[in-house]
């Protein structure tokens, strides 16, 4: 699938998302539930802002020294017994993983949730080569079984309701139970347990790589990430180069922020710190651990003004608070990375021509930057994208000339006076009996965007400047009269 | 008239929405400021702050607008903006676009710290929270994004509202969530914008307030536009009025 | 081309940072100090135990207190409560010191001692068992977390495959926050100790909210979790 799963024009994606009432409502509810839980916990942490500051500092420190830390991480992971692979591109990462499967002669694997594997489009490519990856996270399994796209980075299947999920498993997996989430979940437990017990390869992501020890951590509630790193003899960890923290101590700050921000809980049911393969004599745990470090365009981001985006810890708090995501859902963006972080990241990974108008799907309200646990100035970066898009010519020529002409008018008092004085009677003509411009004006292209859903008050004959001048003149006259009397 | 304090000269920044569409809001603000002992002037060459342009990505085109504003307000001791959004644009955003322009960076620095948003000015500079306004009824308040989040002006508008005699304040659900205006976003992505503003209107109506007030006229225009449309279509029955906080403070003041 | 050599992989990173080569060292950054030291800074051992109990309750984790003498009894009671006919337990010195195998046998449970010499059987027994018993390295009060290391004698499966997991923790090893455990690990590394292949921070039963955000307990890991605090 890769990063973009829907390349329809933004307008079409948005229209589709908005017309799906269930999906729309499900995301509204999810936002409300998660943000309330998050806020309640954040309010309990009196020095939450200090945590954010510290986390941003830690992430910045790593990014500023990323060559050093990638090297340190890689050497320590290797010393701990991991087999290291370095993939400059997504394609290289795929080839590396395919080679591992070839060597093992394996044709299936269990997978726990990993955005990095989605970014490189791993599942599709494995299938093409006759290797069947089994997604074991409940939500990911629902999406995989349905052949659908994720609508959120943390809870990707919220756009399915319990009936749809029941029907899906009835149709495809022989489920015979009800629509009760507990019953469905326990069905998945049983179904996937046998997959785990028979698996020889487990693929996982990595939330944080610890440079000092070469450890990889996994944060999970369902326990599937632990299963994938306990039963199979071979574990393949796919991680972006920016996942690194300097040392074990840093994990406290990151976890304090990550879990509260992501799911509104203090901690997940498990947080594993894995260092190398199982030690000799250990019964379980992988005998072989492959770590595939992926660049895939990250060094371009590192070199750019968008570097702060690499601090991202994939918590999803920005989309949980975003007023636009709330309505268009993840599918409105058409990217595996939706919401504010997706608007920043997607164009950096796929380029402006493919990302299309994504940076304009934002009101620049700044709510995302306020909740970001690593203080990424998301709305500022979105604005930077718009500026770069204009400079590089990715906006329509008509719009560009309109704005350029408009800027001339609005930077000159006289031109502004002329233009707005001419404009005022025009808007007055358009009013009906209501006194404001209603939906009767949607035939006028410039106005349409506004008036198709909102009334517009008319421009006044006498602008504020004129009224103020008259008022001040009258006052002066009165003053004069009083003095004369 | 006896003045208790020396008259303070303030250079006023009304914002384009007020200038073109809602001059009555600007006039209300002027009356309030005058009653509080200010002499309000509108610099001759003041036009738009340029935010709709640079927020759409046209930062190069917007530079002459920024320079025009900076020039227009040079030399004024105190500048009062009736909109938090434009105040943030000048105080918070200009510097990023002008960082390679020494002359205008300097000129910007000279005025930046002297710019106050209207409610911030009254509460923090004039030290007033009760301006003597009077209005019977219930009011709710939209916490607009740039004012609340980016300028951090959260308490001042509420302090002023709570001290209006006869008026009681009810917070609406998600009061600080964006109204969906977003400058040119409202016309570039009207489908999304209208869903967001629809929810804002519904949240405001849930308070049963007589008045929905705010401190940024652009947001208010957006919310009022949707409210009017919903009324026109008979989707809602409500007499809620959308007003700028300056209009509330102007009512019954000094009586 | 698939994988490249590390040196080659590092080049674009160095270039992006305008480094001519990968530096030998970096300007030190203090990861020790920070807000993580301020929370629960003055919590006493008693406070920690109280907090752990409170947080455990919120997670649905059972907490029992015991002395070395009563541990076996407390555990067999828990096993009964959790309806454990088949039990797998870690082959740790504590198991014998507390007389756990005998107590379980006496209570009629089919108890299996994790056996590094018998890997397949160990996994099969863990898969079959209703209850797994492990001896934790420590616990964290703030989140009612038990910290479990995997070793030859205490496999990962013990606290993962059975429906219920009982973690036995010495009270003196309960710390306030995660950072205090991490400090201990840092100290161990500084003393040239090799880290275990796996350390899992376990907080309550496995759970999900993937279907309509309804919380369901018991997904791929344990459905029930219990902590036995031993005053030793």
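Should a chain be cited, it is by its letter among A, B and C, assigned in written order, with residues numbered from 1 in that chain.
Basically, contacts are C-beta pairs under 8 Å (C-beta built on N, C-alpha and C of every residue); 3 or more make two chains touch, one makes a residue touch a chain.
What you are looking at is a predicted structure, and each value in this text was computed from that prediction instead of being measured.
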Shared interface partners, meaning chains that touch chain A and chain B:
none
Among all chain pairs, the one with the most C-beta contacts:
A-C
Quick check on this structure: which chain has its C-alpha centroid closest to the centroid of all protein C-alpha atoms?
A
Chain centre separation in whole Å, for chain C relative to chain A (CA means)
31
Report the inter-chain centroid distance for chain B and chain C in whole angstrom, where each centroid is the mean of the CA atoms.
54
Touching chain C in the complex: which residues of chain A?
26, 29-30, 33-34, 45, 47, 50-51, 53-54, 57-58, 61, 64-71, 74, 80, 84-88, 92, 95-96, 99, 136-139, 142, 155, 157-158, 160-162, 165, 181-182, 184-186, 188-189, 192-193, 196-197, 212-213, 215, 221-224, 226-227, 229-231, 241, 246-253, 255-256, 263, 266-279, 281-285, 292-293, 295, 299-300, 302-303
Any idea which chain C residues touch chain A in the complex?
1-6, 8-10, 12-17, 19, 22-23, 25-27, 29, 31-32, 34-36, 38-39, 55, 114-116, 119, 122-123, 127, 142-143, 145, 150-152, 155-157, 160, 177-179, 182-183, 185-186, 189, 195-214, 216, 218-222
Which residues of chain A touch chain B in their complex?
11, 14-15, 18, 323-324, 326-328, 332, 359-367, 370, 383, 385-391, 395, 400, 403-404, 406-408, 410-413, 416, 420, 423-424, 434, 436, 438-439, 446, 448-450, 452-460, 462-468, 471
Listed in rising order, the residues of chain B that touch chain A in the complex are 14, 16, 18-23, 26-27, 30, 40, 42, 44-48, 50, 53-62, 64-65, 67-68, 145-146, 149-150, 176-178, 180-183, 185-198, 221-222, 224-226, 228-229, 232
